[in-house]
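In the two complexes that follow, chain A is the common piece, with chain B as its partner first and chain C second.
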Partner chain A sequence: MSERSIRGKVAVAGVGETTYYKRGQSPDAEFLLGLKAIVAACDDAGISPKEIDGFCSFADDRNDPSRLSAALGIKEMNLSSMQWGGGGGGAAGVLQNGAAAIAAGYADVVVCYRALAQGQFGRYGQGPQVPYIQGERAFTSPYGLMSPAQMFAMKVVRFMHEHGIKQEALRALSMASYHHAQNNPRAVMNGKPLTEEKYDNSRWIVEPFHLFDCCMENDGAAAILLVSAERAKDIKQKPAYILGAAHGSGYRAAAPVHNSGDYPSSNFSTVAPHLYRQAQITPEDIDVAQIYENFTGGVLMTMIEHGLCKPEEANDFFQLDNLIAQGGKLPLNTSGGNLAECYMHGLGLQIEAIRQLRGQSTNQVKDAKIALAAAGPMVSPVSTIIYGTEDTL
Partner chain B sequence: MANYLPEGLPSPAPMNDNLDVPYWEGTLAHKLVIQKCTSCNKHQWGPEWICNNCNSFDLEWAEVAQKGRIYSYERVWHPVHPALKDQGAYVVVLVELPGADNVRMVGNLLADPEADVPIGAEVEAVFEDHPGDELSYTLVQWKLV
Partner chain C sequence: MTNALPGTSPEKLVFPDQSPDTTYQDFLRNNQFCIQHCNECQNFLFYPRLCCPHCSSVDLEWREASGKGTVYAVSIVRQRPEKGGDHNVVLVDLDEGPRLMSRVDGIPNEDVKIGMKVKASISVNTDEDGDTRMVVFREA
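For the complex of A and B:
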């Protein structure tokens, strides 16, 4: 790969979120949620929505940039981009695409967004209720392997088997998210703390995932506004700069019927080196991490594949005290993340990384200067961004 | 032999482009038939139009040994389909086939669903027939050797 880098060229100007709801409980239509988050991100930045000239989304978002442009009265749309891949693997890739467009001069003010109203459009965690099934799923669904949790559990079982990682490591990851959610009034699980006992006694969904190892399903919307580093000097908020951004996956990661080259993997092992090269930092420089929890086992592998922990140290490292904002070695998912804040396909985790660098988190890590936010473990493609404060440039 | 899971799950049907028809015809005859490249002799699974190793388009369907090894597994408890509402726990296994370049297949392990599942253990295929009026198919299941 070349020495070209996005480092320091693009900054986050604004972030916006709607109220986060339990699945199916949004009083607003999905498109309205999207509009509200975009307008909120513009207000946060002090930039008029009319100045947006680029739209990026991911996960097959249904809210088309052309309709958004028309609804908002956008003067000219210079970018409309969709990151490939289902699930939340694109929650950082969407920002990577927007940032690249700004650096290339294609657009000046790019909004990256995701809106979800499952009440309006149906659920994720259910198997297909059809008489016949074709294609790859014909080789899995008849055996009762149908839901996302079931698609990923065997990767985690194999990874834990190879490295001798115990269930308590997954429990610590879940508890870190729930711990942080208790200080975050936006979090859907605010006021619902998790104890070791409650975790241990919770029902299995599919081993090794208890109920509390699985993300929620939510309604809401989130948006992030990107501008050039030059433009960022004039915005209302303290800018968070993109130091590195990468997406992708390794050898035959999506090979059919569980035949990927590196099976027990979050799919970050080829992605992370590009990220650190661009950012010109090492894993030890990360002050706070926001790692997409579709399932805790994915977080475990993501952190290891980003070099934040060695596999042989996992049982010691993945303990609650190490993962909390209040003095932990590496504070993790400080908003409550997808498990306990909201499952906005991971865009909320990107926003929390930015909030940490502004000093605005409800679980603020002291003097946080570099934040890593990873998206979509175990799917393909996956994506990560490293953000830094102005001091890190 | 009773089926491992209850009736009512989606039935597998061959693809409209016919890519996987030989596999389903093979299972009906209780044969395990997967793709093999005639150029580099490498097996691959699931079916694709090109060899992922040498990019030859000349793939054949080859019968392989009905023996495998448990590579990973999962024990499912939460039903995500109405047909599984009263099922209780069941085990999905990922089986690698040492006789076919270690390609992996998904199936169920025909054993007590709450028993320990030994990763690395040898298994052999069991053919589970599902005769039907419109579509008959056979699933490949696995039991410990």
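For the complex of A and C:
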């Protein structure tokens, strides 16, 4: 692949979030949630919503740019882009696409957004309620594999088997998210701390996932505003620059039926090298990581496939003390993440990465300059991004 | 009716009269667990296909599987009793090569382990729509 890179060309100008709700409890319609998050991101940046000229989303978001443009009074829309993939695999890819458009000169102020009101539109975590099955599901549903948790469980079982990784590693990942949520007033699980005993005694969903290994289901919206590096000099906030971004998956990664050659994988093994090449950093340079927890096992594989930990060191590395903002070796999911802050298909994790570089996290990592934010492990395509402060350019 | 795919050599790439999924099910109804064999590269295939994923050949032949395999991965789906209760699900590597999803019957879920040798049988499920058949395994 080429030596071209997005490094330093595009910056995050603003971030915005609505209140985060439990599934079905938003008082607002999904479209209104989306508008509120976008306006909040504009306020944060000090840029009028009318100046937005590009829209990027992911996860088959229902709130299309034409309708948003009309509602926001956008002067002209110059970009509308959707990252493929039904789950949160696109939560970093959406920013990659927006950044690419700015670097190419297609648009000047791009908003990347996700809005979700499951009370209005139905649940994600359930298996589909359909009268017949076809395609790959014809070979999985008869054996009782219906929900995302069930679909991904065996990848994690196999990965843990091959590397001798214990259940306690998953527990530490869950506890890190819950630990950070207790300092984050936005977090849905704020005020609901998790102990080892509570984790161990929680019900199994599908082995190796306890209840607390699985993301929540939430209503809300989040938005991130991107501008060129030149424009970023004039914004209200300290800019976070995109150092690198990558999305994709390896050879036959999604081969049906559970037939990918590299089955026990988060699908980052081919993607992460492109990320580091673009960012011109190594895994050791990362100060803080926000790794999408659809399920804790995915975080485990994502971190290993990003070179943050060797598989044979996993049982030692994945300990709560190593993963917390207060002195941990590699602080992880410092907002509470998808498990304990909000499951906005991972866009909340992207915002937390940016917040860390601004020095605005409720679990601030001292002098954080480089943040990794990876999205949607085990799906295809997955996506991943590295942000840096001005010092890193 | 036999249709050739446009733009390809018609004598080479030919659709069978019925889908390979249907053929697979027909074998199961006849109490046979059959998988496809590629006569070009000699690999066995599963799930049922129109062409070989290894070499793209369409020269595929149905052969009865040995039914012998090894558990590659296992999980236990946990469910309330009224929803059917807990059950295991496995990926089995057949001795012929392909990997397929199934379950292991006849032993407690907790006793199904990666590396376990298993043997296939055909499970018959009867309801108001008639019989449906699927491949399940037992410890070998």
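In this section, the second predicted complex is superposed on the first by the 393 of 393 C-alpha atoms of A that agree within 3 Å, B and C clash if a C-alpha of one lies under 4 Å from a C-alpha of the other, contacts with A are read in each partner's own complex, and residues count from 1 in each chain.
As a working rule, contacts are C-beta pairs under 8 Å (C-beta built on N, C-alpha and C of every residue); 3 or more make two chains touch, one makes a residue touch a chain.
Fair warning: this is a prediction, and the values are worked out from it, not measured in the lab.
Colleague: Following superposition onto chain A, is the placement of chain B relative to chain C best described as a clash or a fit?
Modeller: In the superposition, chain B runs into chain C.
Colleague: A:His161 contacts which: chain B (first), chain C (second), both, neither?
Modeller: A:His161 contacts both chain B and chain C.
Colleague: After superposition on the shared chain, which partner residues are touched by A:Leu145: those of chain B (first), chain C (second), both, or neither?
Modeller: A:Leu145 sits against chain B and chain C alike.
Colleague: Of the two partner chains, chain B (first) and chain C (second), which one does A:Phe121 touch, if any: first, second, both, or neither?
Modeller: A:Phe121: touches no partner chain.
Colleague: Looking at the overlay, does A:Val130 come into contact with chain B only (first), chain C only (second), both, or neither?
Modeller: A:Val130 contacts chain B only, not chain C.
Colleague: Return the chain, chain B or chain C, that is in touch with more residues of chain A.
Modeller: Counting residues of chain A touched by each partner, the higher count goes to B.
Colleague: Based on the superposed arrangement, let me know which partner A:Ile205 touches: chain B (first), chain C (second), both, or neither?
Modeller: Touch partners of A:Ile205: chain B and chain C.
Colleague: When the two structures are overlaid on chain A, which partner does A:Trp84 contact: first (chain B), second (chain C), both, or neither?
Modeller: In the superposition, A:Trp84 contacts neither chain B nor chain C.
Colleague: For chain A, what residues appear in both contact lists, the one with chain B and the one with chain C?
Modeller: Chain A residues touching both partners: 138-140, 142-145, 150, 153-155, 157-158, 161, 203-207, 252, 255-259, 263-264.
Colleague: Can you name the residues of chain B that touch chain A in the complex?
Modeller: Touch residues, chain B against chain A: 5, 9-16, 20, 44-48, 52, 71-78, 80-82, 84, 87, 90, 92, 94, 103-108, 119, 135, 139.
Colleague: Quick one: which bits of chain C touch chain A in the complex? Just the residue numbers, please.
Modeller: Touching chain A: residues 21, 47, 53, 72-79, 84, 87, 89-91, 98-103, 114, 132, 134 of chain C.
Colleague: Residues of chain A touching chain C in their complex?
Modeller: 138-140, 142-145, 150, 153-155, 157-158, 161, 203-208, 252, 255-259, 263-264
Colleague: Mind listing the chain A positions that touch chain B in their complex?
Modeller: Listed in rising order, the residues are 125-147, 149-150, 153-155, 157-158, 161, 203-207, 252, 255-259, 263-264.
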